C-alpha cells in the first residue's frame, strides 16, 4: 500500500507543479457553462430548465480534456514500464493514478459545480442532490476515462479517439445524473437515480482498473 | 515557401495517416453534441433554442482536445529545435502548423456543423450564417489555441498564467459566433457580428504567429 | 479443439469447405423469408402494412446483438488463449455488426414515424442500441489506430469485453424500464406469443441473416489473413536485407 | 544451480520473428553481455527477461519457477534500466528516487545511491535541469538505491562520462561479489571481468514471419503463439 | 582565415554560470572535439553555437558576420544533431527525411543518405519500429541528406553499433576533405584524425552564480545577460 499512496502523492505533486493541466479543466468548465446564457438568452426559466443538463454535459466534456495526459507522460518517459514490473499488482497502480486524477480534476469540478448551478438559476433545492450525484458521477467518469486513456495509449490521434470511446460509455452517468437533479427540483424522490449511479460506480470500480491494467500491459509489450 | 507547405503537408499526413482518424473528429463532434438531448431531455423547442450555444461549445471543445499536442510532440522529440534553426522565419513555421491544425480539425468541424444543427432542430434560416461564422470562428480558435499551446510549452512558470489568460480570449468568439446564428434565426441583421469576428481573425492572424514564435524560441533556450 | 482451428492454415482449410454451404443457405433462407414476409403473411390488424418492416427490423436487431456477442467471445478467446485468428475474426465481424445495427436503427425509426408519431425518442432500448452503434465505431477505430496491428486488436478486445455489459442492458431494458418500445414476444424464454404466419418469415429471416453473417465473416477473415501474409513477407524481406547489408 | 535461465525463447515484433531458439542460463555472480548490431534484438530480449513483454514461445525461469507464475516475487528481485530513463522532469532528483523506492517493498538507501553516482550535490535540483549524462546517472541511481539480486541493463553506459563508467563498473563488480547477477546489452566494449558475451544476431531467422510459410505450425500449438 | 569562431562565450543555465570566457576558432577542414564530464556544458555550448540559445556574454561569428545578424544564412550553412533525434514515429524513415530536407533550400539526396547510414532497406518502415541505434542513424541521415559546411554533433555515436560508427567516421573524413567543419561533443574516444580536443570543464567557474559575488557586475552591463 505504500506504493499506492506514493503514486497518488507523486501525481498530485506533479499536477500542482504543472498547474496548467489542472486549471484548464475548471476554467473550461466555467467558461463553457457560462456561455449558455449568451447562446440561449438570459431567460431565467429557460435557463433553470436547462441547468442540470448543461452542468452535466459541460462537466463531462471538460473532464475529457484531462484524460489525454493521464498515462501519456508515464508511457513516453518509461515510468509505465517500471509500473508494469513493480512488485505490486498493476491494477492497484492504475487505481492510484485514477484516484489522483479524480483529486486533481473531479474534485475541483465538484467544488465549482454549485456556483455554476446558481449562475444558471438552478433551484436551490437541487444543489444538495447535485453535489451527491456529481460526487458519484465524476468518480465514474474518472474511471471510464482512465480506461479509455489506457486503451488509446500509443495510438495516433489518441485525444479524439479517446472521446469516441468514453462518451458513449458515459451516457448512463449523464442520464441518471441529470435525472436525479431534475427529480429533486420537481420534488420527486431521487433515491432510484442515486442508487443506479452507485451501482455504476461499483461496476466501474471492479472493471476499469482491471481493464486499465490489461491495456497498459499490452501498450508496453 | 516550400518549407511552409512541407510543414503543412507533414502535419496533415501525420494526422491523416489513416482514414479512420479523420472520421473520428467528426464522430466526436456528433457524439458530444448529441449528449445534450440526453442531459436536457428531447423537447424539440428547447433543443432548438439551445442549438447555437451547443454547436459553438462542442466545436470549441473538439478543437481544444487537440491543442496540447500541437507543439508538444515536436518539442519533445527535438523537431522544434530544428524549426528554430531552420533557414526560414519561425513565425512562418508556426503559421504553417496552425494552418495544418485548422485543416485537420477546424475544417471537418465546419463540414458537419450544419448536420448537427439539423439534428438539434436548428432552424434552416440559420445554417448559412452558421457556416460563415464557424469558418471565421474555428480559424480564430486555432490561432488562439496555438498561442496557448506555445506558451505552456517548457517555460512552466509564466506559461500557466498566460494560457489561463488566453482561454478567456476565446469567449468573444463564442459570444459573437452564437450571437450571429441567433440573430439570423430571429431575422435580425448579422453583419455586425460577422464583422467583429473578421476583425478578431485579422488581429489574431497578426499577433498569434508572432507570439507563438517568441514563445517557441523561449521554450527552446 | 479450439486450439486446432486457431492456426491460420487449419482455419483456412475448414473455412473453405464451409463457405459454399453457408452461401447457399443465405440465399435460400432470405429469398424464402422475403416471400413469406411480403406475399404469404397477413397485414397486422393494428399496424397494417407497416408491420412488414418488422421482418427486417427484428432480425437485424438480433444480429446487431449477436454480432457483438460474437466479438466479445472472440476477443476473450484471443486475449486468454492468444489465438491470432480469434482477433482477426472479431475485427472481421465488427463492420458487419455495425451495418446490422445501422439497419436496425434506420428501420426502427422508419417504423417509429407511423407508430409513435416521431422518428426518435430517447427511450432506454433505443438509446442503448445507439450506444451499441457507437461501441462498434469505437471498436473499429481503436483497432485501426495503431501501427502495430497486434496492439490494436488486443486493445479493442479489452474494449469489447467491457462494452459487453451493454448487451444485457439492451435485451432487458424494455422489462426494466417502462418504455414505448415493444417488449420481447418472439424471443421469450417460454413460448412465443405471436402468430405462426408472422413467426415463420421472422425465423426464416433470422436464420438467413445469421448465415449471411457467417459467410461475410469467413470471406473477410480470409482476405485479412492473405493481406497479413503479404505484409509479413514484405517485412521479412526488408529485415533480411537489413541484416545482410 | 542455475538461478536465472531461459529456454528456446522466440521474439516476435510486428509479425516478424526477431530471434528464435535463444537459450541462456546464469548463476549467482555471473555476468552476461548481449551484443549485436543495431536492431538485432538486444532491447527486445531484455524486455522479455524483465517480464515487460512475453515471449512468443519458450519460457523464462527465476529460481526454479517460471517468471509468469509468481511475477510479484520475480519483480521484487529484479531491477531493469531501459533505454528510457523514467525520470520525471518536474520532480527533483531526490523526489524521483523517493518515488521509485516507494514502489518497492524493501528499504532503500537513497543517499548512498546519490553518492555512488555522484549526484549528491544535485539532489534538490529539478530533473528538468540535468544534462543527458546526469539524467542517465539518475536512472542508475534508482537501481542502486534498493538491493535486488538481478540487474537487467540496456546500454547502461550511454551518455556517461569516463568517471561515471568507472563507477558503474565498480558497482557491477561489487554487486557480483555479493552474489548478484548482471545482464547488460551494449554497443561499446563494456570490459566486464569474465562476463560471458553473446551475439544475439546469430539467433536471427531470415525471412521468418508469423503469418508466412507456416511458422505458426512450426512453433507448434502447445507453445503459445 | 577563421570561418567559425566564438569570443569570450559565457553560458548561464538557471542562474548558474556553466562556463565563462570560452574562445574557439576553426577553419575549413578543421575538426573540434568537445570533451568533459557530464554536466560540464558540452551540449549547452553546441546549442549556443547552433543559435538555438543565446550566450549570456560574448559572440559567435560565421564567415565574418555575427550569427545573430543574418541568422537565415547561418542556419542554411549548418547542420545540428542534438541529443534528441527529431524523428516522427508515425512517419516512415523516408518521409522523415523528405520533411527535413524540405525545410532547407538546397537540393538534397535522400537515397545517398540512406545508403551511407545503412537504412536503405528500412526506408518505408514507420520510425516507431526502429531500434534505438536505427533511430540515431536516421538522425544522422538527416544531416547527410543535404550539404552544409558546418556540422554540429552532440554525442553522435550514442547507441550506434561498431559498423555504424565506422561509417560515421568515414562520412566525417570526407566532409572535412571537402572543406567542411565538424564540431562534436563526445564522452567516448572519437578518434577523429588530427581533430583538436577541448575539455570544456576547464572553463567552469566553481561556485559562480549569476547573483552571487558580483558576477553580474563583472560581466558588465554592456554585454547582454
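So that you can tell them apart, the chains are marked A, B, C, D and E in the order they are listed, and the count of residues begins at 1 in each.
As a convention for this text, a residue touches a chain if its C-beta (ideal position, glycine included) is under 8 Å from a C-beta of that chain, and two chains touch if they have at least 3 such contacts.
No experiment lies behind these values; they were computed from the predicted model shown.
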Original post:
Which chains make contact with chain C and with chain D at once?
Top reply: A, E
**OP:** Using the touch definition from the top, list the chains contacting both chain B and chain C.
**Re:** A, E
Subject >> Copies chain A and chain B - rotation angle from C-alpha fit, nearest 5 degrees >> reply: 175
Original post:
Considering A-D alongside C-E, which chain pair is linked by more C-beta pairs in contact?
Top reply: A-D
Original post:
Would the interface of chain D with chain E count as same or different, where same needs over half of all numbers used to appear in both copies?
Top reply: same
Subject >> Chain whose Cα centroid lies at the greatest distance from that of chain E >> reply: C
Original post:
Rounded to the nearest whole Å, what is the centre-to-centre distance of chain A and chain B, using the mean of the C-alpha atoms as each centre?
Top reply: 23
Original post:
At what distance in angstrom does the C-alpha mean of chain E lie from that of chain D?
Top reply: 31
**OP:** Find the geometric centre of each of chain A and chain E from their Cα atoms only, then give the gap between the two centres in Å, rounded to an integer.
**Re:** 45
Original post:
Which chain B residues touch at least two other chains?
Top reply: 14, 17-18, 21, 24, 27, 31, 38, 41, 76, 156
**OP:** Scan chain C for residues touching two or more other chains and write them down.
**Re:** 127, 134, 137, 141, 145, 147-148, 235, 239, 242
**OP:** Specify, in ascending order, the residues of chain E that touch 2 or more different other chains.
**Re:** 83, 90, 129
Subject >> Complex interface listing, chain B residues touching chain E >> reply: 2-3, 5-7, 10, 13-14, 17, 73, 76-79, 81-89, 220-221
**OP:** Using the touch rule from the top, collect the residues of chain D that touch chain C in their complex.
**Re:** 14-16, 39-40, 201, 204, 206-212, 214, 216-217, 221, 224-225
**OP:** Please give the residue numbers of chain A that touch chain C in the complex, ascending.
**Re:** 147, 151-152, 154-158, 161, 164-165, 167-169, 171, 175, 203, 207-208, 211, 214-215, 218-219, 221
Original post:
For the complex, which residues does chain E have touching chain B?
Top reply: 47, 50-54, 72-73, 75-76, 78, 80, 82-91, 95, 98-100, 102-105
Original post:
Inside the complex, what are the residues of chain E that reach chain C?
Top reply: 90, 118, 120-122, 124-126, 128-129
